[in-house]
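Both complexes below contain chain A, partnered by chain B and then by chain C.
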Partner chain A sequence: MNTVSALAGVVIKELYRRKDFYVLFFLTAVITLVMGSVSFFHDAKIVRYVKEIALLLIWVSALVIAIGTTARQIPAERESRTIFPLLAKPVTRWQVILGKFAGCWLACGLALIVFYLFFGVVSGSREHHWPLLNFCQALWLQWVMLGVVVAFVLLGSVVFAAPSSNATISFIVVLGILVLGRYLNQVALQQPEPLCAVIYGLYFLIPHLEWFDVRDLIIYDQHLVGWVDCGLATLYAVLYMAVFLVGAWLVFRRKPLNL
Partner chain B sequence: MKRFAPYLVLLLLLAACFSLATVLQERSASWSKRGASDNVLNVLLGDGRRLFANHFFVQADISFHSGYYPSIFDQASRPKDTSHMTAKEGEPAEEEHEKQMNFLGPPRDWIERFGRHFIITEHTHLEGHKESEILPWLKLAAELDPQKIETYTVAAYWLRDLGKIKEAERFLREGLLNNPDSYDILFDLGRLYYESNHDAARARKIWDLALRRWSEQEAANKKPDLLKLDDIAVNLSHLEQTEGNLARAVQLLELAKKASPHPDVLQQQIAELKQKLATRAPAAAPKAP
Partner chain C sequence: MEPIIETKNLRVEFRAQNSGQAKKVAVKDLNLSIRAGEVFGFLGPNGAGKTTTMNVLLGFVNATSGAAFLFGVDVREPIARQRIGYLPELTYYYKFLTAEELLRFYARIFGIPRAEADRRIDHLLKLVELESARKRPIKTYSKGMQQRVGLAQALINNPDLLILDEPTSGLDPLGRMKVREIIQRLKNEGKTVFFSSHELGEVETVCDRVAIIHQGELKVEGRVADLIEKYQANLEKIFLNIIGYEPQLSA
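Entry: the complex of A and B
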């Protein structure tokens, strides 16, 4: 466990040493504040468009941080040959996978806390009320979703040759699931057999990341998601994380480390 | 001196650039067909901005429904027009819209059933002054596509409803500037003067102009909206009735009758007005020379 947390600590240090997070946070803050300062028809109470833009930017930034940080972890270790002294410590390959995953996931969590603090301040200053439980639930669900994304990208980083191809493919897959995942069953039912069965199978196979996107509930001041549903969704995500991590370990344990 | 030579050359070049820019700046305006009034969005997006404008208009509708809105996969349930955005509860347009928006249906599998706990599943419309939340999207849509008439009329409707008469007038005027031939915008502007400002003289001028624009478009075979002709003529007729010009009111109702989906109702009104005119005529007769 100490080995895993030590590896995770290195990844978290990398997040605050690199410029990615600062640039993304700065861009999110500037765009949100500029849009928030625009006066539409002299009505100071209009706030939902600011929340919509801010949350969209937070989602995009969090995905960029999660995929960008995770995709380069193992390839960078192999490229700089630091993977050899690391494995000679001795650290098992499973611990490397688990440590990298924990580091990337925790780093995403830290970044999300900063983003949501900013969002809470901006939204609260305009609306004059802070639905803290809703914010916490949205943050939690997004973080759990990012766990699945991080595990998936980690699997990609031991399968694909370069971090760039891994990041691109991961982005396409994640965005595809977020945008289309919910409707695959509708699409399947309109297709003839056997295409219908194939698409429906895909629908049951993919992790439904779109469940974790509760931005609309925050933007339109809707009810909280039930805590039982929240727990079940978390369990669902944990299972997918485990699937991807075990998959990554299975590929990584037999992979030659020389480039 | 040699040490400073490159810096002096650099300064000289900068001075040359600056001088040339002052000369060329004025001339460059005539090189491009693009007018000086074009804003940054037009320059950046070109005609593609209309696509974004439509997206923002739909976003206003989504906001109006608090996020409950059919996706592209529920095309059949997507609102076909904008009438529901300016319809009050109980109106026919609203009832029809209520049926249209019942697009979710029973869940097809456990994934869909569970997924519904994380989305908005209730059809509601904004109320209690929250309607203003749709205005930023409409403003953006108008910026991107100034030729989309509905953007101005829907925004003006809600601005009036929220008591922002001046802003509504300004926005409609902006729309009119971009679409000088739009009888829709003229009709709404007339309503604003008549219903909100109680300025009958100005409303009459604007509605007369709207009628003229409608006729011009019909003459040019542009197939203008018949229902809008009905709206303009009926509203102008009511104005003339309250101002005492019954003969003109009858003429206008006759015009509206050609376009109305309920001509029998208008015919009844015409008959009543003609009766009033007939009773008024003998009283006026002795005064005639």
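Entry: the complex of A and C
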């Protein structure tokens, strides 16, 4: 556990010492504040649009942080050769995978807290009410979803040598799932066999990240998702995290390091 | 007494890059035995199999056949690396960390208690003369300073065995002298040091025994003084002769 937490600590230090997070937070803050300060068509409900844009920016920024931070972890260790002194210590490759995952996931969680605090202050100052539980639930589900993304990108980082190709592919896959994932079953029905079976198989195979997107509940002040459903969604995500992490370990344990 | 490092008929083969080519044999049936307290020089030209042998000892590469042991434990077991320190050639440590943070990170991996880690970090930074730069990010360090912080991380667990892969590579004469002094000091403390180097003068000065490897095969092994007496030449000339270059010497 010491090893995993030590590795995670280095990843978190890296996040707050690099400029990526600050740039994304600054951009989100500026866009949200500018949008919030403008009164379009004297619409009293303009705050909904501001909330929608702010939450979209938070989702995009969180994905950029999660994918960008995770994609470079293991390739950077190999490129700078720090993987050698690390694995020369009583550290297993499984611990490296787990430490990197924990660090990236926790770093994403910290970034999300900062983003949601900002969002809470902005939306609360306009609406004068603070649906804290809704915010907490949305933050939790988004963080759990990011866990699946981080584990998936980590698997990509041991498969692809270049972090840029891994980040690009991961981005396309994650955005594809978020935008199209829910429609795959409908698409499958319109296809002839065997394409229908393939697309249906894909529908059941992919992690449905869109299930964790509860932005509308905040934007339209709807009721919370049931906590049991929330727990089941968490279990569903944990299962995918485990599958991707074991996959990453299986690839990494056979990966030669000296080439 | 049980050897600190032992290899038995160690053989490492790599798959050919192209399908038509034969397998590349990096190490051929290597037998080595290094005892406690020895400073052992592992020599050979580039591509001779030195780093591959070290990579097997450190568990980075699996042997095709044969076996390797550290402190009598198979190198494939992570616990075999609990009592070793390793300095790789030309490593660029986490540039966003300071030297102090880097050493604390490695100390945590070894599960060293905080108070003891603090004491060791102070001692090591003093030893490698990086006390004044301990709070500076590593990205601001010169090459020599990076190599010295690498040496400090290799010593954080107070290892009984140090494996150094070309520790003076890329260092200026002053840097080399400092690394040599540190190796000498470790030798005086009774540590076992296994290192590869192309600086044969330096090897001659600090090593008790050497092995010369060429094209994956062990060519010669013995005490430095015995080899010098046998070949009537310095280590550099012996090395050149063994790998097939001039000058020819009478054995």
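One rule holds for everything that comes next: the second predicted complex is superposed on the first by the 254 of 259 C-alpha atoms of A that agree within 3 Å, B and C clash if a C-alpha of one lies under 4 Å from a C-alpha of the other, contacts with A are read in each partner's own complex, and residues count from 1 in each chain.
Convention: a contact is a pair of C-beta atoms (placed from the backbone, for glycine too) under 8 Å apart; a residue touches a chain by one contact, two chains touch by 3 or more.
Just so you know, these numbers come straight off a predicted model, no measurement behind them.
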When chain B and chain C are modelled together on chain A, clash or fit: fit
Chain A residues touched by each partner, larger count belonging to chain B or chain C: B
First (chain B), second (chain C), both or neither touched by A:232: first
First (chain B), second (chain C), both or neither touched by A:186: first
Touched partner set for A:54, first chain B, second chain C, both or neither: neither
Partner chain in contact with A:216 - chain B first, chain C second, else both or neither: first
First (chain B), second (chain C), both or neither touched by A:203: first
Apex chain A: angle to the C-alpha centres of chain B and chain C, given in degrees as a multiple of 10: 150
Touching partner for A:155 - first (chain B), second (chain C), both, neither: neither
Partner chain(s) touched by A:18 [first = chain B, second = chain C, both, neither]: second
Closest Cα approach, chain C to chain B, once both complexes are overlaid on chain A (Å): 33
Chain A positions touched by chain B in one structure and by chain C in the second: none
Touching residues (chain side chain A, partner chain B) in the complex: 38, 40-43, 45-49, 141, 182-183, 185-187, 189, 203-204, 208, 210-214, 216-217, 219-220, 222, 225-226, 229, 232-233
Chain C - residues contacting chain A, complex: 51-52, 55, 58-61, 78-79, 81-82, 84, 86-88, 90-97, 101, 105-106, 108-111, 150, 153-154, 157, 163
Chain A contact footprint on chain B (complex, rising order): 63, 66-67, 71, 73, 108-109, 111-112, 114-115, 117-120, 129, 132-133, 135-137, 139, 159, 162, 164, 167, 171
Contacting residues of chain A [partner chain C, same complex]: 2-3, 5-6, 9-10, 13-14, 17-18, 80-82, 84-92, 256-258
